[in-house]
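First, the structure itself, so that you have it in front of you.
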Amino acid sequence: MTEILSSAEEIAARIPDGALLALPPEYAPCSMETIRALVRRGAKELRLLGVPQFGIQAELLIGSGCVAEVETAAVTLGEQGLAPRFTDAIKQQKIRMRDTTCPAIHAALQASEKGLPFMPLRGLIGTDILARRDDWRLGENPFGEDDPIVYLPAIRPDVALFHAPKADRNGNVWIGLRRELMMMAHASANACVTVEEIVDGDLLDDPQLAAGTIPGLYVSAIAPAERGAWPLGVPHLYERDNAHLARYAEMAKSQQGFDAYVDQWVNGRAAAE
Amino acid sequence: MTEILSSAEEIAARIPDGALLALPPEYAPCSMETIRALVRRGAKELRLLGVPQFGIQAELLIGSGCVAEVETAAVTLGEQGLAPRFTDAIKQQKIRMRDTTCPAIHAALQASEKGLPFMPLRGLIGTDILARRDDWRLGENPFGEDDPIVYLPAIRPDVALFHAPKADRNGNVWIGLRRELMMMAHASANACVTVEEIVDGDLLDDPQLAAGTIPGLYVSAIAPAERGAWPLGVPHLYERDNAHLARYAEMAKSQQGFDAYVDQWVNGRAAAE
Amino acid sequence: MSGIRTEEIMIATIARMLSGLSHVAVGAASPVPGSAALLARRLSGGALRVSLLGRVSNPTFTDGARELFDCAAQGRIDAFFLSGVQIDGQANINLVSIGDPDKPKARFPGSFGSAYLYFLVPRVILFRQDHSPRALVPKVDYVSAPGVSEPNVYRPGGPYALVTGRCVFDFDKDAGRFRLGSVHSGHTVEEIEKETGFDFEMPDGAVVPETEMPSREWIDLIRGPVGEEIRETYPDFASRMFGKA
Amino acid sequence: MSGIRTEEIMIATIARMLSGLSHVAVGAASPVPGSAALLARRLSGGALRVSLLGRVSNPTFTDGARELFDCAAQGRIDAFFLSGVQIDGQANINLVSIGDPDKPKARFPGSFGSAYLYFLVPRVILFRQDHSPRALVPKVDYVSAPGVSEPNVYRPGGPYALVTGRCVFDFDKDAGRFRLGSVHSGHTVEEIEKETGFDFEMPDGAVVPETEMPSREWIDLIRGPVGEEIRETYPDFASRMFGKA
């Protein structure tokens, strides 16, 4: 049964230190309110999985010292430039980095979704990504002749964390077109979700909504968080706050500036509420 | 670009003799109107793929001598009993039969959907299904030790044929919860679809409808066919006509009775229109 | 309480086996287990999740037909139900054919998902109302799904019990064979021995227990709300058992 | 026609390379190829399908982020675009780091989908406005995706051309290296040789052609409707290039 919680703070409490935490990219709704709660709690040793890439959600956790390891296809602030705290952490060797490529993340999560130990994937051969991954195997296509193919072990995150437009009290979460969120929920031991609103009734009773809904079966906990993706956006509800992200990019160029940002926008916001 | 055709007859004309034809089960909308058109045309040597199982859609084609081969997890008329023409064809060795299991069909189509040469699948070891499939391979889990696992080659149907509630003129087809139809479309070289209605506008412009829509990118041809799944049903629109299926089951016990059924309900219906 | 039908005893027996579980799925051609699962859900106060293949209302899955299988492989389904045109003493099931599969004496629908789910769902309950030497055989003609596997084969799942129209067999995983669990009211051990084509073990005690009969309350649930609920998916079964809608 | 910007020459040049194709996809951080694809779609009368990552309106895909990659592997995407912090003469691209990857001098976002799509999409167009020996190097420090592969590696896709702020290089698949295709107006072959860190082949004729300039009509399209369309996904780029919305 899905727990219906009252705040992102409580969602954050369901994410233990050391967890393998799967997060969506900036453009699939990200539960920024929970990310800020994790920073406020001083979460430790998180292992972040980018599905498939990261932006400010990883920046805040990395810059705050919550992260031990990152596996992702990229970290970027998009038009607002490079991710300064990520870049710094790599250069200072503060985090372990596992570079990968988008479809390898999807394939490894699909393996977990399907209860398979692995999935094959084309591409990758001859890259330094493959050369530096000792957890992957270069094998043979059993139906080919001298046809090498890469095998990727399943990734089963401890928690998938994301934001969505709405959920009902049975734990069903409407995600519309953002089906990578469904794959994350299927593939993970727990899915923790903040939503713009919790609605009456059952989303699965409406054939149109059901088509874009993650069943409560896969959802451990939900909590309301209005504008919970801010400063990122939610498709069709509100847009990414580019001015704020530009401000973040500027402030986070130094650790001192980043700390000031956190004081104002992570700790300060909570204090103001 | 998706061709917008005017009848199921024209859809049937896009399915060449000898094609590997993927069809949904009775409960995901089946384009029965096109099946009848194939029977009227006297289609030959079709190879049917059940995704994952069959009912009257395969019966009509098998009983009419349109079928050379069947790969499916089952053929049954459900509460109306065994599938008489299928049973007879097997006993008379009129068709080649490849027995399989539901998730093996899904896995082989997912391999095609992902452009992969194969997919691994758990289960199967020790079954006569596996023992009798020389196109499958028993291999090893590359991440295990002495952990046998079955490898299935991708199946890429020539045509996926199904029915859906609605489509737009850009070829986008709304299928709601019946996502195996989307997988079939992704996995096949061509998808041919009849629909209850062709609507104005673009289904992808509505975030709710888009979540249950196959993009026109994968759809070769659509045509309107009102009540085109009859005597099967379309979820939320009309129900399976159980009385008619009971009548079919009774008539089809003999080839003579089946031929009378076809005269009345396949050839006769067309003549009456 | 007169007029309790064999199907109702089977429904109640299977429902008891689902007590305390979180999620059971019901496949094709399974009206008796489907009714049992819906009964068990009511008895659980809604805590048991029931995924009924073919049902349009209250869908559990939203990712297509493959989701049931993926979900099972993830360990998210606790119980499933299988039958067989033949079932043998090692719990092998045959859903395909009698005789040589290439030129069979009788052909049946096919293996459905059995060759997968039997390996992956922890508690697979076999059901077969027709308890005869024709159905319960020494060795199946075709293995749709095997009852036991070699130790190196990945197999978190497997047979749990076999519920027939005459009795309940429990499956002894270590011995790899069935043990008679209880005999339905009106049937005898001698009859079971005569009508069963495979060898089975006897229970430890001297007396073979009688299968617990469904209470008045359970019968009312089965014939009332459960019957109405199963009607959406199995209208013929519901009409035969509980009368027209 | 004065004031044509380098980006506009690149957009027009890339758009010409998309003529006659059915479906092109545009990945992250690709405003110039994105604009080119949208221009090409207009020039095709809508026949070209354009899938733009991150765009909310007019989605092409409905099966999640993996669909782009699956679609490419099926051969349903004709062209894609990649850049690199370094690109070398064998068309290897580096999107990760300069120096030792474990202790890099500079770290960049990462490889995105390049390590896959470069193998699978038939026509991968490389773009890099900054044409300098720092960007176009003899050998990349990190191979995010290789330009060429051994003959036994499954690789229906690969590099087609490299469009920079100064010129166009065509990729010669057989030779496994670039050939200078054309030089943008205002630039010279000598300059290209000086500013390119890798060796490349010269075209067969005596004279290196000048890159075709976009027509007035094309410029109007780029600055008009294409600019408005790209703004949804790349607002900063659109403001910088075409002014505020």
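Letters A, B, C and D name the chains as they come in the text, with residue numbers starting at 1 for each one.
Following the convention adopted for this analysis, a residue touches a chain if its C-beta (ideal position, glycine included) is under 8 Å from a C-beta of that chain, and two chains touch if they have at least 3 such contacts.
From a predicted model like this one, the values you see are computed outputs, not experimental measurements.
Enquirer: Enumerate, in label order, the chains that touch chain A and chain B alike.
Expert: C, D
Enquirer: With respect to inter-chain C-beta contacts, which pair, A-D or A-C, contains the greater number?
Expert: So, comparing the two chain pairs, more contacts are at A-D.
Enquirer: Farthest from chain A in C-alpha centre terms, which chain would that be?
Expert: C
Enquirer: Suppose each chain is reduced to the average of its Cα coordinates; what separation in Å results between chain B and chain C?
Expert: 28
Enquirer: For chain A and chain C, what's the span in angstrom between their mean Cα positions?
Expert: Comparing mean C-alpha positions, chain C is 41 Å from chain A.
Enquirer: Rounded to a whole Å, what is the gap between the Cα centroids of chain C and chain D?
Expert: Their C-alpha centroids are separated by 59 Å.
Enquirer: Two or more other chains in contact with one residue: find those residues in chain C.
Expert: Residues 59, 61-63, 69, 73, 120 of chain C touch two or more partner chains.
Enquirer: Identify all positions of chain B at which a residue touches two or more other chains, and write them in rising order.
Expert: 114-116, 121-122, 147, 149, 177, 179, 182, 210-212, 235-236
Enquirer: Thinking of each chain as a vertex joined to the chains it touches, would you call that graph a line, ring, star, complete, or other?
Expert: Chain contacts: none of line, ring, star or complete; other.
Enquirer: According to the definition already given, which pairs of chains are in contact?
Expert: Going through each pair of chains, those in contact are A-B, A-C, A-D, B-C, B-D.
Enquirer: Provide the residue numbers of chain D that touch chain B in the complex, in ascending order.
Expert: 23, 47, 49, 57-63, 67, 69-76, 120
Enquirer: For the complex, give me every residue of chain D touching chain A.
Expert: Against chain A, chain D makes touches at 28-29, 54, 56, 59, 61-66, 69, 73, 95-97, 101-104, 107-120, 142-146, 149-150, 152-154, 234-237.
Enquirer: Show which residues of chain A lie in contact with chain C when the two form their complex.
Expert: Result: residues 1, 112-116, 182, 186, 202, 204-205, 210-215, 217-218 of chain A touch chain C.
Enquirer: Given the complex with chain C, which residues does chain B contribute to the contact?
Expert: Contacts found on chain B: 25, 27-28, 51-53, 72-76, 78-80, 82-83, 86-87, 90-91, 93, 99-104, 106-107, 110, 121-132, 146-149, 177-183, 235-236, 242.
Enquirer: In their complex, what parts of chain A are in touch with chain B?
Expert: For chain A paired with chain B, touching residues are 107, 115-122, 137, 139, 141-144, 147, 149, 151, 153, 175-177, 179, 207-212, 235-236.
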